[in-house]
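Structure first, commentary second.
Each chain gets a letter, A, B, C, D and E, in the order it is written, and its residues are counted from 1.
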Amino acid sequence: MDSALIPKGVKRAPLWQFTLFIGIVGIVLLWGVYAMVLCWLKGLNQTNMNDAYGFALWIWADLAVIALGGGAFFSGFLKYIIGKDELKNIINYAVLIGFICYSSALLILAIDIGQPLRGWFIFWHANVHSMLTEVAFCLSCYFAVLTIEYIPLILENRQIDKVPFFHNLGHNMHHVMAVFAATGAFLSFFHQGSLGGVTGVLFGRPFGFREGVLIWPTTFFLFTWSAAAVGPCFTLLVTKITEKVTGKKLVKDNVVELLAKISGWMLATYIIAKIIDTWYWAAVTAPESGFSMMDFYTNNPVYGIWILVLEIVIGGVVPALILITDAGRKNKTALITATVLAVIGICVNRWVMVLQVLAVPVLPFESWFMYFPSWQEIATTILPVAYGIILIGLSHRYLPIFPQERELNPIEES
Amino acid sequence: MFPFSFEWIWDMSHMVFHGGLWYALTIIGLGMTFCIIKSVVDTMQGKGAHHDEEHH
Amino acid sequence: MSAIEEKKAKTDSGAGFILLFFILGLVSSLLTGWVAFPKLLYSQKSQPFDFNHAIHLDMVDGCESCHFFREDGTYAGVPKLAQCIDCHEEVQGGTEDEAIFVEEYVANYREVPWLIYSEQPDCVFFSHAAHVKSGGMDCVTCHGNIGTSTSLKPYEENRITGYSRDIWGKNIAGIKKNTWDRMKMDDCAACHRENGVKQNSVQTHKGACFVCHK
Amino acid sequence: MKIGRRCFLSFLIGGAAGTALTPLPWKLTDDLSIWTQTWPWTPVPPDGEINYVNSTCMLCSGGCGITVRKIDDRAVKIEGMKDHPVNNGGLCIMGLSGLQLLYGPRRVKEPMKRVGERGEGRWEKISWDAAIAELAQKLNTVRGSSPESVACITDESFGTVPHLFKRFMAAYGSPNLMITPTIQDSYEQTLKLMQGVDGIPGFDLENSKFVLSFGCGILEGWGSSSRMFQAHSRWTETGGKLVQVEPRLSVTAAKADKWVSLNPGTEAVLALGIAQVIIKDGLYNKDFVEKHCAGFEDWEGEDGKKYQGFKNFVLEAFTPDTVARLTGVSANMIQDLATNFVGAEKPIALAGRGKGYTPGSLHEFMAVHALNALVGNINQEGGVWTLDRPDYIGWGEPAQDPVAQKGNGTPRIDGAGTERYANTRSMVNTFAEAVNNGAAVEVLLVSGENPCYTLRGGEAVKKAFEKIPYIVSFSPYMDETAAGADLILPNHTYLERYQDVPAPFGLPIPIIGMTRPVVKPQCDSKHVGDTLILTAKKMGGSVRDAFGWENYEACLKETLGDLWGTLESDGFLVNADYTPPAWDMAFGDESKKFQFFNESYAHGNNKDIFSQLRIEGDPGAFPLILVPAESMRIASGPVADTPFVMKTIPDNVLKDKEIFVEVNPATAAAYGLRDGKSAALSTPAGRARVRVNLCEGIRPGMVAMATGLGRSANSRYIANKGVNFNDLIRPVPDPISGLDSAWGIRAKLERA
Amino acid sequence: MKSTNTQTKKYGMVIDLDKCTGCGACMVACMAENNVPFKENESNKQDSITWLRVYKMDNGKPYPENDICYLPRPCMHCEGHAGHSPCVSVCPATATDYSTETGIVSQIYTRCFGCRYCMAACPYHVRYFNWWDPVWPEGMEKMLSPNVSVRTRGVVEKCSFCFHRYQLAMEKAHYEGREEIEEEEYQTACCQACPADAITFGDLYNPKHKVFELKQTPGAFRLLERLGTNPKVFYLTSRDWVRKQGDNYLKNEGQVIAKGGH
């Protein structure tokens, strides 16, 4: 029925199957939308956030999806600036994933503020000293870049491409894409970094505070670095999942392995830097304000020091080791395990840098603050996932996202 | 964000921050303007009208 | 050849139409923005009855006779009934407004619900004493020549914000000819800046927030 | 078609360009921005002239001066009156939030008559005329048969309003006026018994240098809390010492220089133990004891009997070892306390536990007061003073018709003033029991009190009030008693009425405060004085004749006479130079001496004198002891916490609707109780579900529960939160005064 | 127009913890003064707006050595380094600011859009978010003060050192032709209400003000000084354990050195 919209030379699931799939995910989406509307109409009392947890699940989700969406800028950087041309076979998907992640982040931010209609004050009345201002500007600018990168993909739809103007627009945008990608990389460097800066500059919160280089705390660089490292991992992971779901090979192994290799080395260097940073913080920064490292990890009723082990060893060292070895990359299970662990590692890192910062008591006569999200928070956090799946589904079905798909899955003409 | 808003001051941090911001916005803006204008011109010149069917 | 001509002709007439529609769009939006919009934005309200400042100013010694400072330095603003009642216990003169005042308000000891042209939002702290006593400013600087007016202008209320039009100014474009034409934060800030008043904000190096906000 | 589309596009572009050239987008943005900053549903308080009104707070008996800040005719803030002799600018948490009572939702907005079942909350609004007519008719009907079956519970002793009630009851013919007793009553009886004085106590605490407090809630609200706080602050500045004797680390104990924890109920024993050391070591003030005291040495009575004096009684029975065993305080500590007390300049010993709502054991008061006598700190700087009762009300007795005479001649239902409790004025604590035992109460008038909440006894109180056919409440608030009444005739709040407020508890100088209307009445309420006068007039006869005043204000002005002027202008009248009578003039009776013991109460006559206090309950079934935990942040009297004050209650006292009890971790471990978990608390009087708050500041074997919660009425900000302590305890009559002396009750705490 | 700049001040507080009884009068005085909203259930202290909160500290020792102390905690009005208090520099919309004239950290409710970054930045938990729209029961809006703006849902609020009282005092001074105000003309509501006189408020720079001497009392301390927040609220205590709980110390740091500071 919709065959006219489907790219030439590829096979897609029957429409009913696709509709059913979208419909099921759509229900989850609607649930999220309902929760979102509740939050907007009734206010943030719908959440379980409180004065101790001004930042909670949502900000974590923001930080996490932006880190995971880092694949877009880093792949773009590699392809357009460094000139790793093989990556053109996965860059479309990286852009799509990035677009989903960033649009989700902006949506969550719009729910997360107390007076959403005043949200634009962050631009208009910008305080340039605030990391959040930097985040807001770079995030929205980079989202614009991602949109610009995503538009040509849409324009490649078989029907849209028939319109000469759109065809030309797509063509021309492809031509100058390197400029956009460079701008995107520039913006991403700052917003990934400033997200790290958000907690790094909090000198009233010894758990999050890091000393700095220039005007930025070390977390600034670590966040950028880790996003560049794990973003591609997430792109690979989603690609692999897509391959699994569609039952088709979509990207050639050499492309995957190249990205995995780069990602692995980024991750390896990142985790070394992270270990050094943690050590310096534990040995110098924190003790200056009267804390030993274990002060931050004891009296915690849930996880104690294990969260640090999970983040650095399991979610950092292990995947890095897998990805930098040739054998690790060639072994499918190992590769996927590594990407999953890296994604977990980065999510834990972002979790710790938001929630544990607030949970750790700073006044000696206070104790750990506890928090569990309300269903509205969970629903609105799942909302982007559903939305992402739907957008991926639609894009994959109707747009030539994977250039190698036709080659890898030749249709036998009857 | 703009020099006429109350929070704007002409000091180093504002110059650097907003310099970077406006630089990026300018590139994005100019790039898109270029693409759109060029596409309009291309379209008027009749490019992209028929060649596609077997192009892909 | 003919086809080309035909096409050219078509484009020509098309271009004309296009231009016409462009101008149509332009003019109608200009009219909407400059003429209809201000009319729609503000609702006109009339004061309970008219008031002649000029007559009163002739009889008393300056604005502060009626618009006075209280002993604690706060500003009393629009006079209360108690101040008027001395002279207006009985109807003075033959105007209809006077009759309304005496019969409806004085007789019933009801305060007159005057609409205040220069009422600022609740978040604003404004000290008349600081401006008039310490700053040596005169009333006209901010309030214009209301003291010599013989009748009250209609009160225009912004339908969106609920505030008086005088805050933004009569000119819908926000163009300011006189010092009293507008009373927005930027106007306060500009004057404070020029005069170096309390420029002690760490964030903006301009006026600190709590100078004019509460 | 093609042209049409292009033209439309062109029109739009032209329109967009044109719009951009008009102020519309910019102005609209600005206006919408302002709109999002000033939501129309957010109230904007009107501005106006700031003015101040001085008055007196009536939320407790402290008599603090208040200054109310008003904006035009709205009262916006209550502050302590500067330089007021009681509170000197300070004010307690309830006083500060009094406007929430004035403007709050718990007000009874007009006279109301019950229509539904009792306590159901269905009311009919009636006019004042109708309400007063109904009350007058009801009272006249009852008067025809048995006037003594009309009872009245009220809150104060002094001043015109309580005197109007006294007068009304006297003229009507019922002896059953019950003024809620407090530690003031116990102190008055102590002064009567030991000093032979009919007066009220004053404590010159500002000048004391060593305060030995036997469980007094000095910093929990004892008399005027602000005054006590200031005295405490003065001690910290001038090196004055505070020793708190109490089994729980109350705020007073925590702020004290020394916290002495002891077995609950052995305070009197400890006091005598200290006295023993003082006497044994000869440290007492010989000048005072020898010249101005009686009953110290053994003596032979007029009846020829030998009486043991205080000295030998104490020396024999209260040796440090005995006392240490009974109290759990070490002998060394007792020795230290005695030495420090005697060695201090201007020491004072205080009795009267907690906030002083429970009158307490008279033996305990006397044992403690004996310490003051041993150091001679009676009517001395920094000591215990006596003051005369206020005497400006000179109305004379009302004429009583035969009905009144007959009625007044019947015995009181509460047993006060009988031979057994001769010095006791009223015993509200026995009221519920009396009613349940068949005492006829046809009509109950309640003013300034909230017995349905404050009376101890739980079910018994509820049952008693159910038995009373007609209850009239004069409360301005929909409190528990008003909610269960048949007729509510709402009084003005203290911010809307005139009233004289004489003699705050514990103040060493005579003072009269004046409460005055700060704002005009916010509801259709009426001054209770006016309601009484109008009712009397409506009733006619001798009752009417007793109330010749036109209205309450006239009555007050006439009564105060010359005082009115000063009270009206200053808000209070004080005799700041008051000095109490010197020792040779200080003591009444024939002996003109301070009496440690006399023939009516000495060892031998009172077998259980100065023994450990009784506590209700079987230790086998109820192994723990429940005591009240009182706090400034929870008003436990008739008037419940305001919403602001509710905000200050910690979350380990009240969480959502659940109340916590303090338990020592050792005790909790023994009963398998864990922090924050639910538990079932039961006492002989009642049971309740509570949560456990493990607390190192309480003696093992004890449970402490906050008082003032568990209100069923008032407003949604307080109603149905926690448990009413009074429902879990029952009154225990003191053997001498008959007043409630229950300081705790045996309890059981089980994991739920 | 004449310039009306006043001399530089640094308003601060000295709170004597030996005098403080934890009665809560300061909390309520503050609520009543500053139009603080209230709701039916305020037992979740994490969503209960209390500009000034009285903390209960515990020495952690078992009965009978147990001891408690109350610590009132208003906004510390941190000076940080040159006015860059933890919260001021992080606010993305410049809704909070530091005045070098008074040393007061301001919060503008109409500017704040509720991102709560400042709350994350403040280690003292002085910042409160309006999770609900404030609702006053009918009639009780009459006690709202016109001198303090009423806040709406979704914005952050905090102690302002009763700045409106400074504004009113200055207004009186202007009226009387003065440029400066006296110490007693500007006192916070909590300080005025404290029945124990535990709170002293004034200009920390001004030798004539009581706080000037008091803050130099031996053993005076500030909360979390080591973080570099440079707070303007000083505490006095005679109990070592209380002073020690005012900041974090490593186990091997030994005896705490009490700092006076200014």
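Here is the rule we use: contacts are C-beta pairs under 8 Å (C-beta built on N, C-alpha and C of every residue); 3 or more make two chains touch, one makes a residue touch a chain.
Keep in mind that this is a model prediction, so the values were computed, not measured.
Peer 1: Please give the intersection of the contact partners of chain A with those of chain D.
Peer 2: The shared contacts of chain A and chain D, listed by label, come to E.
Peer 1: Of the chains shown, whose Cα mean is nearest the mean of all protein Cα atoms?
Peer 2: E
Peer 1: Comparing the two chain pairs, does D-E have more C-beta contacts than C-D, or is it the other way round?
Peer 2: Top pair by contacting C-beta pairs is D-E.
Peer 1: Please compute the C-alpha centroid of chain B, do the same for chain E, then give the distance between them in whole Å.
Peer 2: Taking the mean C-alpha position of each chain, the two centres sit 48 Å apart.
Peer 1: Whole-Å distance, chain B centre to chain C centre, using C-alpha means?
Peer 2: Centres of chain B and chain C (C-alpha means) sit 40 Å apart.
Peer 1: As a quick test, compute the distance in whole Å between the mean CA positions of chain C and chain E.
Peer 2: 38
Peer 1: In chain C, what residues contact two or more other chains?
Peer 2: 72, 74, 121-123, 203-204
Peer 1: What parts of chain B, by residue number, touch at least two of the other chains?
Peer 2: Counting only residues that touch two or more other chains, chain B contributes 6-7.
Peer 1: For chain D, which residues are shared contacts with two or more other chains?
Peer 2: 32, 37-38, 44-45, 47
Peer 1: Of all residues in chain B, which touch chain A in the complex?
Peer 2: Counting only chain B, the residues touching chain A are 1-2, 5-7, 13-14, 17-18, 20-21, 24-25, 27-28, 31-32, 34-36, 38-40, 42-43, 46-49, 52, 56.
Peer 1: Which positions of chain A touch chain D when the two form their complex?
Peer 2: 115, 117-118
Peer 1: For a test of understanding, state which residues of chain B touch chain C in their complex under the given definition.
Peer 2: Within the complex, chain B contacts chain C at residues 6-7, 9, 11.
Peer 1: In their complex, what parts of chain A are in touch with chain B?
Peer 2: Contact set of chain A toward chain B: 7-9, 123-129, 133-134, 137, 141, 144-145, 148, 161-162, 164-165, 167-169, 171-173, 175-176, 179-180, 183, 186-187, 190, 400.
Peer 1: Inside the complex, what are the residues of chain A that reach chain E?
Peer 2: Where chain A meets chain E, its residues are 43-45, 49-55, 112-116, 118-119, 121-122, 125-127, 129-133, 136, 198-199, 201-206, 287-292, 295, 357-358, 362-366, 369.
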